[in-house]
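Scroll down for the structure; my scribbles are underneath it.
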Amino acid sequence: MKKLINSPDDVLVDSLRGYAAAHPEVTVDLGSRVVFRTVPKAPGMVGLVSGGGSGHEPLHTGYVGLGMLDAVAAGAVFTSPTPDQVQAATARADFGAGVLHIVKNYTGDIMNFEMGAELASAESGTQVETVVVADDVAVEDSSFTAGRRGVGTTVLLEKIAGAAAEEGQDLASVAALARRVAAQGRSMGVALTSSTVPAAGRPTFELPDDEMEIGIGIHGEPGRSRVPLASAVEIARMLVEPVLADLDFTGAPAVVLLNGLGASPLIELYLMYGEVAKLLEAAGVQLARPLVGNYITALDMAGCSLTVLRADDEILRLWDAPVATPGLRWGA
Amino acid sequence: MKKLINSPDDVLVDSLRGYAAAHPEVTVDLGSRVVFRTVPKAPGMVGLVSGGGSGHEPLHTGYVGLGMLDAVAAGAVFTSPTPDQVQAATARADFGAGVLHIVKNYTGDIMNFEMGAELASAESGTQVETVVVADDVAVEDSSFTAGRRGVGTTVLLEKIAGAAAEEGQDLASVAALARRVAAQGRSMGVALTSSTVPAAGRPTFELPDDEMEIGIGIHGEPGRSRVPLASAVEIARMLVEPVLADLDFTGAPAVVLLNGLGASPLIELYLMYGEVAKLLEAAGVQLARPLVGNYITALDMAGCSLTVLRADDEILRLWDAPVATPGLRWGA
Amino acid sequence: MTDTIDLAALTAWLYRFQQLAAENRSHLTELDSAIGDADHGANLDRGMAAVVAALDEAPAAAADELFKRTGMTLVSTVGGASGPLYGTLFLRLGTSLGAVESASPAAFGAALRAGLEGVVQRGKAEAGDKTMYDALAPAVAAFEGAAASDASATDAAHAAFAAAVAGRDATVPLVARKGRASYLGERAVGHPDPGATSTALLFQALDETLATTPAER
Amino acid sequence: MTDTIDLAALTAWLYRFQQLAAENRSHLTELDSAIGDADHGANLDRGMAAVVAALDEAPAAAADELFKRTGMTLVSTVGGASGPLYGTLFLRLGTSLGAVESASPAAFGAALRAGLEGVVQRGKAEAGDKTMYDALAPAVAAFEGAAASDASATDAAHAAFAAAVAGRDATVPLVARKGRASYLGERAVGHPDPGATSTALLFQALDETLATTPAER
């Protein structure tokens, strides 16, 4: 295992310490591993809280700031945060108008956020709404299972709902908007290599030099199939087709995220975006807002994921609104 | 070789095509492989041109835009651009007040930019000034050799000189400022793994699982020494000490870049920044402006580099000025 | 042999479970690598280590305090799916038993039942979903059944352990419908569920604790 | 055997150099991996492929046109250090020879000298810096010397090739002072310089071309 770390047990806290040193505009409580805006929103505004296992940076800690999140509960690497962390983050985001929890659909995240919301409500009477992101089309959608994983749509949702909260919308509106975004985003990823969890010390799965995993999860969960390494054109097809098969993206503008999983260089991500864009355009999708880069990663996994969000004028307006976070910034 | 590409020969053009699709605010001439602002600066403004081998993205193509570069000549992967590319980029950046060439100190870059400047001057009478960045303290400084390599200070220089040009300073002032920045920046890098040049198809160098290369170049040029894999604290010391030994950074504010080389995840880069910041502060350096992330990369190399720039109020003012490029953005 | 379970035995049960979790840490993580995300061993070990550290500092004075502190500690140190699930199990055990210093087999069986209900409420698992439920539910039923027919606590624990092991083994051929393993579809078949495996350890600890005298522990 | 070098031979030289560059592509890149950045083979192959593609389209009518087009093509397709250097070499060859259709050994030797001077002007290399200069300078001197003592073009080319090979081999023990290899310090010792190696191929191509009759080429 080759990593820029001190010891596997200290990765999260050491990294959060560096994050705090690099960004005075966010504050990190190293005890509870909660990250929040140094200058909180004004009273009467809706707060946004997210969180999950660490190792997906910039998600979520990198999205704390103007126009996005108010507080984040950072779990251990690839392990959801605990209810008391969620409660602490919620307290940091409670400005008297309620708090939206943005939760990726993993059993652990769901249950810990649920308990965190119960604690926040019981102990400080905070009104909490929850939106669950379950956008990974690699997993079959079923109400009899844990359902789909939450991946790239989370980034877009945090931006868009964050803009709505920043302009003063109330909890019901922000939550309704967030649910609309969650319902209209779809993702699909591919891994060229496995990530290595520091505490495990070796790759989560073995992937031969001439194979790739289509439909990978951001914790290295297996995907739909393991296939021979293919060209970018073919990989683009394997990402685009299941996304388009799952939802009609024509007749509306789309926000498209071509996301790097951590170890794939930008030159490759732009190349993949070019191939994906060609296929999407050919299928009649209007590429209104492209985003290319590492936005929701899986530690040191090589590969990428595609997220397409069916948008509308309102969503685009909120997308374009100023955002100033360490991980996403424009207009401010 | 596991890469998201079609064929090694098409990597650059395919990637530039995706880059153009993702960023309408820049235009890419795929024939000459020159990237320039879609809306050029006003007449009478100084133009900024840079370029070099590709594979270091976001450098340089990602820094075309408001407050930074006007045009970039993108060479083949790890190979400097040709004189006619430099000439074409210079023509795109000639607004009648002269053009500054920002060149990293590699023999090929120096010679091709020199010939490109000769062509631009001969064929369109463009006045060209050149600033050479040679900040890599891993290499011994000597007038009998090719001298030091140009690395991380280039990013900071493009931002700072870009702000000066954007506010209307003349060529002499912008060039003098750029030379001051080049003289006051120092860098040092470490590789945990080699990068793989697509055309070569295999890692540029072999690095055993328990070793790292201290003083690595961004093309995989060997560094000062190959040493056993160490903890982040120790790596930070190996980066900070040679930088501080080369220039006095006390008594002035510093811009500090903790840069990822392409395949190291953000969680590790922040961790490294934390360790580096501790050492710099202990040595009396004022960490005025930190920057953490992938800004000048070496394809899929795992590792990081540290750049420290001795700044002053004027440099910090220009650093803080609005910038809106795909690779660096704030205030706009 | 004993017919009521006293506070010392309940506490010893937790210490023994911590030992088994530590000993089986890499085994559990390996099982979780196959069909999950390779952290169940680390999660449980971290949680139970925190539990015994807290009990070392200040032993509990009654059953409710013992199990509520255990549950709270697990909830706040484990994360993941198993943190809330094991945490809820112990919290409900505490609530059900109340501020007592010993429990009859029937009372303890009822407490286990309450714990199981908490797990179901939290995780919505059903029989055959390939989760810890598949070991926990038969173990609870076996303990209750034995207690209802006036078996000793020792015999009830022994029956519960056997049922948990059988439940764990029965998860091997299943497709998962809950938790991370559900993403795998058919590929989960052939692997035991990590949480069912750790639940069998919980009842192994109970069995071993109640089968020994306080002096032997 | 020939005593003047005609346009066909000059053109054939370039074609043969292209072949050798293509055949040695990975060898040159491997040498450049050891002490540079692993692209010299790709660079030269890309450049010479463009040169012969241009000549296939429209053969040159005179020596100056032949070499100026070659030089311009190399400059505009290679990039890196070797593009301007080889480009300048050929541009100067063209300028020195002028619009002729054949050259005497003495005239060709003078043209090579002009090319060498262009390389030095561009790259500022000196003897022993471990660059292409170390193969080029002795090769040029050997060709000139042979021509001055009235040797045939064939013999002059043979002597030049031998000198280039010796110059290339003499780079092995050197520390580099120019180009990327200069970053290596002592670690460059033991490796031949990639540019000196490709320069030896340039003279191998000349030697082979002039040693064969037009029919054999």
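Letters A, B, C and D mark the chains in the order given here, with residues in each chain numbered from 1 onward.
Criterion: contacts are C-beta pairs under 8 Å (C-beta built on N, C-alpha and C of every residue); 3 or more make two chains touch, one makes a residue touch a chain.
Since the model is a prediction, treat every value here as computed from it, not as a measurement.
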Please give the intersection of the contact partners of chain B with those of chain D. none
With centres defined as the mean of C-alpha atoms, identify the chain lying farthest from chain C. D
Among the chain pairs here, which one is joined by the most contacts? A-B
Distance from the CA centroid of chain A to that of chain B, rounded to the nearest Å? 29
When centres are defined as mean Cα positions, the distance from chain A to chain D in whole Å is 55
Could you put a whole-Å number on the gap between the CA centroids of chain C and chain D? 78
Which positions in chain D touch two or more other chains at once? none
Scan chain B for residues touching two or more other chains and write them down. 77
May I ask you to sort the chain touch graph into line, ring, star, complete or other? line
Chains grouped in pairs wherever the two touch, ordered by label: A-B, A-C, B-D
Footprint of chain C on chain A - complex, ascending: 53, 75-76, 78-84, 106-108, 111-112, 114-115, 138-140, 144-146, 149, 197, 199-200, 204, 217, 219-222
Going by the contact rule set out above, which residues of chain B touch chain A in the complex? 2-7, 11-12, 14-19, 21-23, 54-55, 57-58, 62, 77, 192-193, 209, 212, 229, 231-233, 235, 258, 262-275, 277, 287, 290-292, 294, 297, 299-300, 302-304, 324, 329-332
Footprint of chain B on chain D - complex, ascending: 29, 33, 36-39, 42-43, 46, 75-85, 122-123, 176-180, 182-185, 187
